[in-house]
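Multiple structures are listed underneath, in structure tokens.
Okay, so subunit A shows up in both of these, paired with subunit B first and subunit C after.
Up next is the complex of A and B:
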């Protein structure tokens, strides 16, 4: 029982990241009709938003303090981040919580990146074939990736978890089990809640705002919305920016779990595409359900009891499920009929 | 069976000459090393095979690297178990890659468009993960599959072909060891044969049917074609080409690793084909050469060479130019590749071959109008 609960949490956690990336991917596909292979790169840029934010916060002054001596008698260099010397304890708090706070930094940055990308390149590809869309966004992903590498190098850049959240949470107690039977890293729980929150926010935005209503109408029938006098292209540009923001914040919060390097996006891209296809191209709830489902499946498949029967199943379960779903139910779990079926 | 149209025959002759004289014309370009030229030739085969699928039918596969990997593994196993001769190695590489492609194609081809791409991608990633984990006894995991001195080599022992006294056994062709230029010329002959084969396929009724499927699948079905077997054949043929390329990679360097199967490798293959020109005979070959050449040349440039190159500029400007340029060469040459690729897809979807064609047309039209004007001038006088 406790093993199952632990694996369930693991899976939901992983699924949260998949769902967030897939959400943006399917949003772009549903509105703009563009297959965006650069979406993984947006996730990666989000990761590096966190890195840059921390770098900015920890610009430090180095002073030599003659009163303090190191064990071999030399004066110690004292490094104080500028933020700390300006703001005192508040500054120390900022540095400690750099990762969650970087989300605030990532939102405007990713919005601008997304809008520039859409206006600069993607908008010329609405009328072209899906193959060409895949190709151009794949090229763009390479470019973004290499730009990041030329600034940050090829090595992963680890990001710390805030000190207060480094402890393990005693999850078992919440479910009426004995104390310390199931413990789980707090940051992973935070990530799970965060992804649930972002997903909820996106759905609320699409559901309850006029903007969301127009966008949903545009997804259903672009032409009619245009005839009604609404500049649907402009709305869709913002949707692309929104998708970039969702991918970006997903990346920024993920940095303590997996140290980002320049090709982290490519690693997630394939998986999130599989998630979108399983959920149904262009279906928002499908992407979320499929994301969590595949995450949970993957973590259950990696249990010892399962791998002893089917060795290696944990490596391929996601692809296997995707293949079966595509062959049996090509429009995915919750896809609308007629989308991309030929 | 071996007849070609006049135009195709000329093309084949010119192509053969170009390939066989590679060591000469690559000399001034600084790339006339056997190892590098082998890569040129092998990746050209890979791209030709991919073009038979993508160029003729328009189905974009993102999983061709898997066939390359299967070909390499099979070839190395043939070196280990049967013989160091390259003929059985290549034969089995092609056959196994073909069987593998038949299996993947049978499932993937039930869907088209983006779903086909994702299915092939999923199959390829699956093979890649399996090669790294469960199949380690066959693939030797991260180390890569290597040949050893004390492998069984059933045929070699049976025929009593002696191993060289010292060092690792080398792949051979009927007793002649293949190293350096020998290996290159063998690969070049295979490439010419492959080019000929692709010419035949392009010109055959089968090739026409594939083009028909690309431009309008529904209509093809209405005219009474069962498109499925055609597609599957094209997929298997293109997988066999990839297997052949993988086998040749193992012949020139008897090691096979799983990283050859990673999906970014398939992406690179797509880059080569697009860069050269999809659906043209020469395009994929040119694309493969350009990318492999740039990979070697650009990635070798360092800041010192850049400093030498920009010496004519004033000091401040020089250092700026060098800093900017150094982002695009050496380690960062992929950035150049990505940029070129984006520009090609945006402005020249037909690739370099289409670009050359456009240029030629422009010049011809200009000279035509000039001729007309001259004629008119003559008549008037």
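Up next is the complex of A and C:
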């Protein structure tokens, strides 16, 4: 039972990340009809929002202390973090919680990046074929990657978990089990809650606001909405920005779990497309359901009891499910009939 | 007019002299003749060597450190800087005036932490750049691939950071040499401390990087711990460079194991160790004992990358900048002055390999590979930071003390991450080369 609970938590945690990335991807496809291969790069840019934010908080002044010598005889450099020296304990708190706080930084940055990307490039490819859209967005992803690489290098840049959240939570006790029978990293639980919160916020935004209602109407029948005098293109531009924000904040919060490098977006891109295809292209609930479903399946497939019977199944289970879904139900679990079925 | 006469005695003298000349001439002329008959003979030009290390990919950090070590070695060989370990190496033929009086030059390449890219890079260095020696790697896959290619083309390969048994085991080559220690030695060196610290009744769970080095390390550590009486619960292979290990760590918690052995290196370890700690493994009890994590193969860069998670973790190292011998002090001094930080073991092994090659050429008096190989084989030296060291001729593996280290609980600086807690003598880590099989192959070179 404890093994099952541990794997379920792990699967939900992974699923949360998959769902968050896939959500923005399917949002763009559902509204703009664009297959956006640069979506992984948006996740990567979100990761580097966290990196830049921490860098800004940890800018140091360097002074040389001639009274202390290093093992090679040079005077020791004394580094003083500016924010900490200015703000004392409050500054130390800001540095410690740089990753969760970077979300506040990432939201406007990613919104601007998304809008500029849509207005500057993507809008010119609305009426082109999906193949052309894939080519141009993939090219854009490579350009963004190389820009990040030129600034931050090729190596991953680790981001710390806030000190208070580094411990493992004794989850088993919450379910009446023996102490330490199921422990789980607190930050992963935070990420799971964060994913659920962002997904809930996106759904609430689309469901309960006038803007969301217009966008949903546009997704169902773009021409009719246009005839009613609504500038649907403008709304869709903001939707693209919103998708960039969702990918970005997902990336920023993910950095303590996996040190980001310029290539991290590509690692998630294929996986997020599989999630979207399984959930149904353009379906928001589909992306969320498929994300959690595939996360949980992958986690259970990595249990020793399973891998001892099917070695390596944990590496292929997601793709296996995608093949079966495509064969049995080409539109995906919750996709609209006729969308990407042919 | 002189009359030519030939009697029997004269005929015998003439034939005898002719035969003697014919038999002796190869011996006399070989020294000159072979100088023209090998791959990338520098002739009257400056010799070029190739530094082929990962500058991108999973092990880029280690590769870039190694490159710094190589570049510093070239400076010292060419008589620049303070001379570093040339001053402490014993015996040495190096004089700080290049190699055989010629200025040493080099080209660099990026293996991308990829076996195919490493082999392609080495080939380019040999065929395009004219490298007379190639060196560098951070994985056993890169080492084995380059070593085989160099052997095929008749160019000496001095491997960099490769810890898998195969490099000087089943895949050894006459043209390949390894200064770095290997998995078997780690197992032998770490076992006594593990028994002392954690006892002889333990259940171990291995997570192993799924490539050549990981397999041989797992095999060696498993053999060493099982010899202590430990039981191996399970050994799981993890893909290289996956980043998120949560799906592999979760099953550990309920496996009945009380020790997790991470056969990971570089960024794999930098990710897997902190994640294991995040899962609460160092705080939990299992089988009535404190759960422990072991990283059999450590580096300073990994320790820095893993942060606080490394504190108290036991492992082994090839070399550590805090060693207090003349060679280590000289190298740390030179390297620190050059780069503003202490050297890693990756930089150290690169530096030492370059010096050893240069010294062998000086002693051989030629770049002709078979002579350089003979100069390196069974060469005994000291003063390069590892105490008395032997480059064993039968498998081209260096034998020296192996360091047992532990993550520093109270570091005094960001460089002070590992404590040397033990040194296993050279004699204890030596083994019969036959146990790993392999054939060195011939001395005579192929032409590239």
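Just so it is clear, the second predicted complex is superposed on the first by the 326 of 342 C-alpha atoms of A that agree within 3 Å, B and C clash if a C-alpha of one lies under 4 Å from a C-alpha of the other, contacts with A are read in each partner's own complex, and residues count from 1 in each chain.
Here is the rule we use: a contact is a pair of C-beta atoms (placed from the backbone, for glycine too) under 8 Å apart; a residue touches a chain by one contact, two chains touch by 3 or more.
These numbers come from a predicted model, not from an experiment.
**Student:** Have a look at where A:147 lands relative to subunit B and subunit C in the superposition and call it first, second, both or neither.
**Tutor:** A:147: touches subunit B, not subunit C.
**Student:** Applying the touch criterion given at the start, work out whether A:2 contacts subunit B, subunit C, both or neither, answering first, second, both or neither.
**Tutor:** After superposition on chain A, A:2 lies in contact with subunit C alone.
**Student:** Quick check on the superposed pair: does A:73 touch subunit B, subunit C, both, or neither? Answer first, second, both or neither.
**Tutor:** The second partner, subunit C, only.
**Student:** For A:257 in the superposed arrangement: first (subunit B), second (subunit C), both or neither?
**Tutor:** A:257: touches subunit C, not subunit B.
**Student:** A:155 contacts which: subunit B (first), subunit C (second), both, neither?
**Tutor:** second
**Student:** For A:35, select first, second, both or neither according to whether it touches subunit B, subunit C, the two together, or no partner.
**Tutor:** first
**Student:** Have a look at where A:315 lands relative to subunit B and subunit C in the superposition and call it first, second, both or neither.
**Tutor:** Both subunit B and subunit C are touched by A:315.
**Student:** Per the contact definition in the header, classify A:183: touching subunit B only (first), subunit C only (second), both, or neither.
**Tutor:** second
**Student:** Counting only touches as set out at the top, which of subunit B and subunit C does A:131 meet: first, second, both, neither?
**Tutor:** first
**Student:** Just which bits of subunit A does subunit B share with subunit C as contact spots?
**Tutor:** 154, 315
**Student:** Would you mind writing out the residues of subunit A in touch with subunit B in their complex?
**Tutor:** Touch list, subunit A to subunit B: 35, 121, 124, 128, 130-132, 134-136, 138-143, 145-147, 149-150, 154, 266, 270, 273-274, 277, 281, 311-312, 315-316, 319-320, 322-323, 326-327, 330, 340, 342.
**Student:** Please name which positions on subunit C make contact with subunit A in the complex.
**Tutor:** That would be residues 55-57, 60-61, 234, 236, 239, 243-244, 246-248, 250-251, 253-255, 267, 270-271, 275, 278-280, 283-285, 305, 307-308, 321, 332-337, 340, 342 of subunit C.
**Student:** Help me check something: in the complex, which residues belonging to subunit B touch subunit A?
**Tutor:** So the residues of subunit B in touch with subunit A come to 58, 60, 107, 110-115, 117-119, 121-123, 125-126, 129-130, 132-135, 217, 263-264, 267, 270-271, 274, 327, 331-332, 334-335, 337-339, 341-342, 345-346, 349.
**Student:** Show which residues of subunit A lie in contact with subunit C when the two form their complex.
**Tutor:** 2-3, 6-7, 10, 13-14, 70-74, 154-156, 158, 160-161, 166-168, 170, 180, 182-188, 257-259, 267, 298-299, 302-304, 307, 314-315
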